[in-house]
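Input: a single structure, listed below in structure tokens.
Each chain carries a letter (A, B, C and D) given by its place in the written order, and its residues are counted from 1.
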Amino acid sequence: MTLIAPDVGIPDQPGVETVRRLAERCSNWGRWGADDELGTLNHIGPDEVAAAAGLVRTGRVFSLSIPVDENGPQTGGFGRFNPIHLMIRDGNGAATGTTVRDFYGGRDRWIRGTDDLLILPLQSGTQWDSLAHIVFDNRIYNGYDATSVGSKGAIRNDIANARDRLVGRGVLLDIPRAKGRPWLEPGEAIHAEDLEACERAQGVTVGRGDIVLVRTGQIAQCRDAGSWGAYAGGPAPGLALDAAPWIFDRELAAVATDTWGMEVLPNQTEDVFQPLHIILIVHAGLLVGEIFDLEALAEDCAVDGRYEFLISAAPLPITGGVGSPVNPIAIK
Amino acid sequence: MTLIAPDVGIPDQPGVETVRRLAERCSNWGRWGADDELGTLNHIGPDEVAAAAGLVRTGRVFSLSIPVDENGPQTGGFGRFNPIHLMIRDGNGAATGTTVRDFYGGRDRWIRGTDDLLILPLQSGTQWDSLAHIVFDNRIYNGYDATSVGSKGAIRNDIANARDRLVGRGVLLDIPRAKGRPWLEPGEAIHAEDLEACERAQGVTVGRGDIVLVRTGQIAQCRDAGSWGAYAGGPAPGLALDAAPWIFDRELAAVATDTWGMEVLPNQTEDVFQPLHIILIVHAGLLVGEIFDLEALAEDCAVDGRYEFLISAAPLPITGGVGSPVNPIAIK
Amino acid sequence: MTLIAPDVGIPDQPGVETVRRLAERCSNWGRWGADDELGTLNHIGPDEVAAAAGLVRTGRVFSLSIPVDENGPQTGGFGRFNPIHLMIRDGNGAATGTTVRDFYGGRDRWIRGTDDLLILPLQSGTQWDSLAHIVFDNRIYNGYDATSVGSKGAIRNDIANARDRLVGRGVLLDIPRAKGRPWLEPGEAIHAEDLEACERAQGVTVGRGDIVLVRTGQIAQCRDAGSWGAYAGGPAPGLALDAAPWIFDRELAAVATDTWGMEVLPNQTEDVFQPLHIILIVHAGLLVGEIFDLEALAEDCAVDGRYEFLISAAPLPITGGVGSPVNPIAIK
Amino acid sequence: MTLIAPDVGIPDQPGVETVRRLAERCSNWGRWGADDELGTLNHIGPDEVAAAAGLVRTGRVFSLSIPVDENGPQTGGFGRFNPIHLMIRDGNGAATGTTVRDFYGGRDRWIRGTDDLLILPLQSGTQWDSLAHIVFDNRIYNGYDATSVGSKGAIRNDIANARDRLVGRGVLLDIPRAKGRPWLEPGEAIHAEDLEACERAQGVTVGRGDIVLVRTGQIAQCRDAGSWGAYAGGPAPGLALDAAPWIFDRELAAVATDTWGMEVLPNQTEDVFQPLHIILIVHAGLLVGEIFDLEALAEDCAVDGRYEFLISAAPLPITGGVGSPVNPIAIK
């Protein structure tokens, strides 16, 4: 494992050619066979899981999901809205007696139930992007055609492939804390050298099969401001282009951030939007998590100095899903 | 911990009075304070979680969720339908170029994304019932009024309370296997003595804070038949009334089955529908899981003879949710 | 028919007692029988419809609905959002060939279809309020209990009752034009005397069975501003309390406005929100239309001086619906 | 106007070449300009509307929509399900007091409202197909590219184009009644000569700009059977291929039937599914209505012998919609 940030020669004004070069540099197409749909999840095997379980010391459990409700960050971009929660039957119907009338055929057998429903854009809150989420040059991960993702969903690379994955060693890289600040500012890039400096500051090293959580503090900043503001789709701190080969070389299984889109926004590439999505999701086949709420976990890690833990973050096995909501659980 | 099935004196033809007696016998109202919304999840603390992590040996991971898609078991009962998966934007739009037109304001910056959406009844597939899911005598768990569950969802006992819970020691009780059969038949009751016989056959003992998975084999039976048939709401094998005090006395944190509704159907009580929901959810405050797919896990347990494992099954933190889909993960 | 605005003695600071008095004054409970669910629609019979058809001269047709799409006025109040339009299958799938794969079982028989879906709050755009939409003192129109509107919808007074109604003589009362202004300002009340002055200015008289469209110009104002702003739920011009007995005495079948909520906002009653909804919907049983786009029709009426026409505005027959989207058609 | 069924030389075993020939024979591409999106709706102008209003005699009104609810005919084909109706807030909340808590910020100002929501596949019930609903050889009506119908809906030929159309002379052709039968059987074709025989039997002639309702009686048959059965997508009586040039030559504005898909099923063309959709929607630009409930209207027409009326059947102006639910109103 290299501990040196790779020299990938990012030019001052990178563009699509740089993206193509990095995509080739970080490509995992074919690495696990022509039929692979797991990408970097192949870096985790049973041994890694067993070892990760050994990291549990105190049994403290952290949920890394923001609440699933109408108060989320979405403002309509890309057709995404906040989850809509509706009752199919509720306790008022129990209290007034209409539940029996409406749901039990009028026969009262003492019980009354309540049921509910979500209308849920799968990328609206804390979520995994599947390897079918991004298309570049008409291809998704491992070279499958873009048309693999049709009106009925993805027949290749859907999120259900990860149904029994995304369990393993989790490592938090708390970038602002390593820099002695509460959060990074929107537009502030996290370079490979920042990731390594954070490792050194925290006394931890990330490697093959790790699920790495990169904290920018943007959720803390929103809470401090009392509003999501432009969190969804607006300027954000995030990973820089040179983080891609670093992530690739370290053979990480997944990377998640506490931002809407993992990458620094505005992007370094004037002509390419969200270039790391192209490099990491399409070519490296990396599972990317977004809108992970790392605040409570980060507090705890700062207190005990332990930044590694067992993480259990399997998605819902949504057939054809190009994303999935997830409540990632860190166990220390 | 008692290993003896409690003598609860279930009459031959039990009715609502038996249900009331059992509800009183198994009540946890007030046990953890007048404001408690966690119920039996209080049986799990950090020590139990840490001990459970110690059960992991091989790192094999099992997903216990059925696929989230339109081919689920629901047929409309109680307003429940199978999940509806729709694309907001797909790979065809990437292939034809309309993604740029429709989602990026006409400016081509190389990337194309796909997004999707679920319309998801929260009790449609593999799920946890929250402690707000069942009302009896106009009360939900801990005595809160039924009107705590209004049009906007539950303001008491919602599933989000369990956001960092439902992680702990999992134990599979494979009832049919202990009886040397592939599955129990619909209408076949599982009594406390069956649970204990299964413990003995498997060489395992369940106790305080455990998340117990009771396999009936009904999903296997449906797969064998090639159809869900009347799985959702129809006759089912399941727990009998005398299982309630047994579960209560063992101080289990949660119980899940591979059936639609945990209980034997037709119920023992002619006049009460789903009496265990009243006793266990409303009064004991027990988290109940349903439609857990235990087949692959059961095969593995039969092979290695180990029926205990770490289970990680936190729900989505749906504000006001009376249930949540879950992809329960068993780690052996 | 009285042509004089009734003296209803509205006090300077009206409150709930005034509302109660007006509700009693304008009540139609029992007028058409104890089982009536039609309310003022009883004022229209075949003769009125036939006479209304006779108003058609030129055959010009006006649609009075705002577009049904995500750019509507809703901002989340009362759980209302703008309609969400999603494709089930689209033309891109036809172009790339995935429609055959995903929807025709892989057998190409030349045709490709497109299908779509709406998630539609029924009060989100141009709509009729049913007589089940408002509850006062636990009663809806004709005295039915509030619990008639349960989790499955209204079993009394649902909008489907009007499936073959709301066809008849339409009359536009263009209040701002009668006052020589482009629009009324938010908070500006329309009194009975304004309605009568408008009748005189336009040379038209409204009466029994008419479907009266009251233009405030608020939609024009929003268009002029380039934004819906606070249109949904915010300050609005609209009917004053003394319009209620006027509407009642005139025996109108329905009243619609180009505002979110028909009434002047802020309301005259400090302690009662939307008092006319109580008086007119609950007690008079009046069908109320909202967010009717009257701009093009008003222009035409101003040109030819004819403010009466055939209107055809039946709702969708939504079983249990407490409202319905509608595309009201005026034929001149 | 020809009253003779055109000799179009349909071979005994027609196939795609016959469809192509008929499509060319019946094409309206370019007829109303390269930018036209109205198709045969151009056949109706103000004069036709005014004349149609003159058909109103008695003022009897007929709704031609089936109920919009969960009991509709859909069974999942093409991703279509029956409408799902959910309450956002209901009368139970009014009765128990939670409406004030949940929707009015806790401040009681006397009123309580109820609101609801539909999840509505636009082709699930009584509906118009827009001219963007069918693609053939990668083109929709007037030659627009299939990709005009992307993830955000149709940017060409959407149903909103008809927002102030589909009002005019309606004519019912009651085919089974003309044959002295209660209904046609599934698979029974309606040929041009059947249409003309029906005209003669009824003493009516259809022509330019008419909105023609062709009754097969299939809904009556379903009602008689007590079940929708295979109504949605299964064998059906319907129009034969030779009806296409007849409809084209008569210059009808729209054709609707009481079946799921207008055409006889099984289709005459072994290799082409729903060939009339290709000929009439894609090439003739004809508005097609489906699942129109013609039973009550047909009874009335049989009684008074008058088969013509004013019809008002504008769709909801759904931006980008490829279909729309409609409650068509016939006024006699």
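Following the convention adopted for this analysis, contacts are C-beta pairs under 8 Å (C-beta built on N, C-alpha and C of every residue); 3 or more make two chains touch, one makes a residue touch a chain.
Small disclaimer: the values here were computed from a predicted structure and weren't measured.
Novice: Which pair, A-D or A-C, has more C-beta contacts?
Specialist: Looking at contacts between chains, A-C has the larger number.
Novice: Could you please state the distance in Å, as a whole number, between where the Cα atoms of subunit C are centred and where those of subunit D are centred?
Specialist: 26
Novice: Compute the distance, rounded to whole Å, between the mean C-alpha positions of subunit A and subunit C.
Specialist: Computed from C-alpha means, the inter-chain centre distance equals 45 Å.
Novice: Give me the residues of subunit C that touch two or more other chains.
Specialist: In subunit C, 79, 87-90, 92-93, 95-96, 98-99, 103, 117, 119, 147, 150-152 touch at least two other chains.
Novice: So how do the chains connect up here, line, ring, star, complete, or something else (other)?
Specialist: complete
Novice: Per the contact definition, I'd like the list of subunit B residues that touch subunit A in the complex.
Specialist: Within the complex, subunit B contacts subunit A at residues 16, 19, 45-54, 56-63, 65-69, 71, 78-80, 83, 85, 87-92, 94-95, 99, 103-104, 109-123, 132-136, 138, 140, 145-154, 160, 163-165, 167, 271-275, 277-278, 310, 312, 314-323, 325-327, 329, 331.
Novice: Could you pull out which subunit C residues touch subunit A in their complex?
Specialist: It comes out as residues 70, 76, 81, 84, 87-90, 93, 96-99, 101-103, 119, 147, 150-152.
Novice: List the residues on subunit B that touch subunit C in their complex, please.
Specialist: Subunit B residues touching subunit C: 79, 86-88, 90, 92-93, 95-96, 98, 117, 119, 151-152.
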